[in-house]
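Shared between the two complexes below is chain A, which pairs with chain B and chain C, respectively.
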Partner chain A sequence: MQDSPISRGFRGRRPPARNDRVPPGQHLTEDFPVLSAGPTPAAKLGSWSFALQDGGSLLAKWSWQEFEALPQTEVTVDIHCVTTWSKLDTHWRGVTIDTLFEAAGLDEPPEAFAMIHCDGGYTTNVPVEDLIDGKAMIATHYEGKPLAPEHGGPARLLVPHLYFWKSAKWARRLRFLEADEPGFWESLGYHIYGDPWREQRYAGD
Partner chain B sequence: MPETDERGGGGPRLLWRTAQVREAIDETPRVRSLVLDVPGWTPHRPGQHVDVRLTAEDGYQAQRSYSIASPPEARHLVITVERIDDGEVSPYLASEARAGDRFEIRGPIGGYFVWTEALGGPLFLIAGGSGIAPLMAMLRHRAARASKVPALLLNSARSVEDIIYREELERLASRDDGLEVVHTLTRRRPAGWTGGTRRIDRDMLAELGIPATERPRVYICGPTPLVEEAAKSLVALGHDASLIKTERFGPTGATHGS
Partner chain C sequence: MDHDDSGAFQGPLDGNSAAGLLQEVFVFEATSAILTCAGCGAAGPIGATRLYGGAMGAVLRCAHCDTALLRVTRTEIGIWLDMQGARSLLMRDAPAA
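Up next, the complex of A and B:
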């Protein structure tokens, strides 16, 4: 590791306890900053749907009403944004990817990789093994309330063990892929996988 | 898929480089620009940002992201930092740092919120507070290239004293090269003020903005409420959502974080 130059006069605020929950290069925030590349899409629940797709073929599709009727799961997790803020103990409710696969009648995922497609054209890629066994959900509620549009409402992916750009807002479709492909930010210099504990912020990290 | 000004996903690892402060320029009472020497720096594109890492004597480190305010044509890299009073990194950069001080910098980062002359126009820039920094990189680049692409900057500030780059913007707008600059002041206005007198809203965008029919490339940067309002209003006014690019920051988050 290279020697970092000392920044004269910099002392810093020392991190509080629970530092073992804050990955390298991150700091805690009490706020919930908003980051998006474009306008917040207007949510129309009447025409909303969430679909599972394998290549070009549709495996399953749920309307908002059908989606809300699926078994719901609540989680409390820490989230880590690549812009260096982390937030502890956030509460979410939604439908786990395991539940979606089960409801679609999938005994096992047909492929090893997935692309999440969103309103507004945003995409992000996640290996399927990072989505199953309770590791991810399509979240519809945050802190007991319906997810606000600027935070990805009505529904976003929540995959909290990866940097938060992977928890794509306004999620509408999960498409299985035979091989990993970069999504939106992953094509623009950000890391293909994005593990905050290995500080995989940018391509090549 | 929104249009992207892509740079491939691969490429070598972004290295931390040592930056040395050449000069600190007070832009407003709360905002300072730091002119930096960064040996080995890879040229950036207007709109991109950097990660800054400070190291204390005992090895403690803190890292945040800041937009680049200088154009690629400039000899030195400039970041513009607003002091967040309870922040950790911004008080150091915006108050303490002086010529000769050193810290680390990594980048350039981000390939989406980018405008280069080759993309053409019209160019419609909407700024709130220190959100003007990446937009200034675009205007400086436009001027450095002697571009005549029609451009409008709509800039929201609290008062005249809070307008960042005020004199330089006046100079740029007086070149008669197709750039118009409109300030709107949300708190205090001097006598005889002829610019905007409230926060940016739909009516203001309809009245002063570049019409949707001209299909401007829109870049919005500022606090989240301003960005949400402006982006939503422009979509309602008929602008193509895929031509609207946003960069937001909250009190402690993101590109201009604490």
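Up next, the complex of A and C:
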């Protein structure tokens, strides 16, 4: 499956000294706790696809095989859950959103905001500028292995500079939005943006 | 898949486990109130739903079709409640003596 070059990166964004890697109100964990808003869907790679959508129109769609053939990127990043655990140096592989947009022939994103739609109906909203320039990917591998279903396999969004509920599990579709709209947790009191370094946990923070 | 996970997910709890949070929203004993699912029409006590959401909040899902019937979170400013997935909530009178 892995016949495309692997690049390393997620550029920019906070490569601070080790003692400056835990955002306010967070504590470190060695575990990888599982938090789910619903049941874990059965992974069926034969019928899996990932799509880009603008309003009602489909911009691009990849089967699992096509997705795995796209250029792959590996990153090592710290992740921060709003429930106060942080985990350092997690290692992921997947396809950056930049690569997806390029493969879809998009010179630039058509809108400024995006909603990620997932199996099971979960959604989360992210500004497009937080997804591009090497800041996010659709991750398919964790620590060298296929991403486990309870952690969002076969594929999840990884946008590590925001609280981890934004890194939506079981991601299937990115829909561009003209204006920002709240997703699953954002419509129930959680922060619309969710920057752990500004401790944006709840609406109004 | 073979990913080893020390924080293993034990699956959903039953809806009774949300009793504490529900008590902040409803003045009555909520776990015995009857929710009717807007997705599949199944009706049953809140206590028989499936609870997800962990420390972020209570997501009570229909045991038949997984529709999110009722969602509750507790944030710094108050309690948030969403019932878009429920067609109705029945709080039955106590039977006459």
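List of remarks:
The working rule: the second predicted complex is superposed on the first by the 188 of 205 C-alpha atoms of A that agree within 3 Å, B and C clash if a C-alpha of one lies under 4 Å from a C-alpha of the other, contacts with A are read in each partner's own complex, and residues count from 1 in each chain.
Quick note on the criterion: a residue touches a chain if its C-beta (ideal position, glycine included) is under 8 Å from a C-beta of that chain, and two chains touch if they have at least 3 such contacts.
Since the model is a prediction, treat every value here as computed from it, not as a measurement.
Using the contact criterion defined above for the overlaid structures, shared-chain residue A:W165 touches chain C, although it does not reach chain B. Once the two complexes are laid over each other on the shared chain, residue contacts for A:I192 go to chain B alone; chain C is not touched. With both complexes superposed, B is the one of chain B and chain C in contact with more chain A residues. By the touch criterion defined above, A:S57 lies against neither chain B nor chain C after alignment on the C-alpha atoms of chain A.
In the superposition on chain A, A:Y142 makes contact with chain C only, not with chain B. Of the two partner chains, both chain B and chain C are touched by A:T83.
Of the two partner chains placed by superposition, only chain C is touched by A:H151; chain B is not.
In the superposition on chain A, the residues of chain A contacted by chain B and by chain C overlap at 29-40, 83, 120-121, 150, 185, 187-190, 201-205.
On the side of chain C, the complex with chain A involves touching residues 1-3, 5-9, 12, 50, 52-57, 59, 61, 66, 68, 71-73, 75-77, 80, 82. Remark: chain A residues 2, 4-14, 25, 27, 29-42, 81, 83-85, 120-123, 150, 182, 184-190, 192, 201-205 touch chain B in the complex.
If you check the complex, the residues on chain B that touch chain A are 1-2, 4, 6-14, 16, 18, 51, 53-57, 60-65, 88, 92, 96-97, 101-104, 109-113, 224, 228, 231-232, 234-235, 241-242, 244-246, 248-255, 257.
Chain A contributes residues 29-40, 82-83, 120-121, 142-143, 145-151, 153, 165, 185, 187-190, 201-205 to its touches with chain C in the complex.
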